[in-house]
């Protein structure tokens, strides 16, 4: 299986469908490859201007440190200066709240990450997990 | 008509279909709203790591100065220091070669921009124009 | 004695061996010269994408302020705004948690710094100290 | 085969041995993974302060645009404003002279890149190619 554009589009479609079913606010969904570069992104109408940057920062930060962004939030609550410094050291794209989920195959190999922003962080994460599960892959939220 | 996600997805699909018909190399297609913020983006498999940043820079630069990126190239050939300085002044996302096309409605109202990178700049621009025309809007390449 | 590439390689090998013996997670080890510029770096397989930037930020920040990064953490806990501002002032590469250790000779002369990231900050620091001691030099963690 | 740290170390060792045999000036050798993140780097004694940044910029730029850095030089000679703008758009790490060589396996799959700086650009590139060939992989210089 290639973790490329078609899989990314399927993840986005399933995450958006989940958000619509649950009545979430408009979402922005970003899929990054293992190196942190963009594969696909969609911002739903009504999702605010910089939601792309927030969603990307969740996914990019997760890949940078090898942890879902929920774990980055836990670290930020204990050592906010660490997370601020890490974000600066890697160029800024690191947003430490839930909604950045690592994507692995069934064997545990890291394939990329999904970042979502638009509703509550918990709901953003739930949509990311739904999107990832829909293509038979495994989401790691923390 | 709303220039939002569904129109953006249609533009991307048509631009990619045009590229495939013409035998172009894998493309990265970005659609930005009038404020320069992302609506949607897709990077085809085989399109290199930072093609998203290049494609966005074409569209973002076009919106920044109100000219298609072909006109930015003409300006760069005459006054390279201006374009370098303008790019720095706006934060770096301005790539002055063809492939960044403003999107207007039939009355001339500015709606956003499409940026494409992956093949030659001329071919990138042709794909952007094809995508914009497919939804009944008007592309301004220069 | 020259604090150059061969000494750096020896430090990295010893730090990695220590980490393996102790069962640490995959480490990224960076050695900088007295001016804060890179001498050598190795990222073990499984160490996440931006661990190099984090490890470098520990060592670079230590050299910047003349204190091991454990002391930078103490300062960050008292005056987080100072550390955030200092990081910005020096261009971003300052990560104030343990694992950035100054390297001195037996007479106290500053030679450079070692930065490690991958396991807990305390373990990262222990590996740095082991690496520095292995070549007969003195590590200053705070 | 995993393109990880041990392969990177072997490439660096072979590139440095080649440079020594040929009487090149001190080299800095950097190996990046496919996503542009560091795997390993060594700066030989006498290689100047920021050679790491130059060598990384050759390899990082090559991966960004999917071309060896010799091809980026050709583009820079034709359209200097494009390369300046592309460097800014991707965050600065793009150095368009020979010495940044893509690494592919025998089937053509992209694995990463090697960047070298220290002697002439042509010699830097020759050392990179020698290092890549030594591990049975294929270097793409343009």
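Residue numbering begins at 1 within each chain, and the chains themselves are lettered A, B, C and D in the order written.
By our rule, a residue touches a chain if its C-beta (ideal position, glycine included) is under 8 Å from a C-beta of that chain, and two chains touch if they have at least 3 such contacts.
Only a predicted model underlies this, so the values are computations on that prediction, with no experimental measurement involved.
A.B. asks: Any idea how many Å lie between the Cα centroids of chain A and chain B?
C.D. replies: Going by mean C-alpha positions, chain A sits 25 Å from chain B.
A.B. asks: Could you put a whole-Å number on the gap between the CA centroids of chain B and chain C?
C.D. replies: Centre-to-centre distance between chain B and chain C: 43 Å.
A.B. asks: Measure off the straight-line distance from the CA centroid of chain A to the CA centroid of chain D, and report it in whole Å.
C.D. replies: 31
A.B. asks: Which positions in chain D are in touch with at least two other chains?
C.D. replies: Correct list: 34-37, 91.
A.B. asks: Taking touching chains as linked, do they make an open path (line), a single closed cycle (ring), a hub with spokes (star), an all-linked set (complete), or other?
C.D. replies: Contact pattern: none of line, ring, star or complete.
A.B. asks: Give every touching pair of chains, nothing left out.
C.D. replies: Going through each pair of chains, those in contact are A-B, A-C, A-D, B-D, C-D.
A.B. asks: What residues of chain D sit close enough to touch chain C in their complex?
C.D. replies: 2, 4-5, 8-9, 35, 37-45, 49-50, 52
A.B. asks: Which chain A residues qualify as touching chain D in the complex?
C.D. replies: Those residues of chain A that touch chain D are 33-37, 91.
A.B. asks: So in the complex, the part of chain A that touches chain C is made up of which residues?
C.D. replies: 34-36, 63-67, 79-82, 84-86, 88-91
A.B. asks: In the complex, go through chain B and note every residue touching chain D.
C.D. replies: The touching residues are 47-51, 53-54, 56-57, 61, 73, 76-77, 80, 83-84, 87-88, 92-97.
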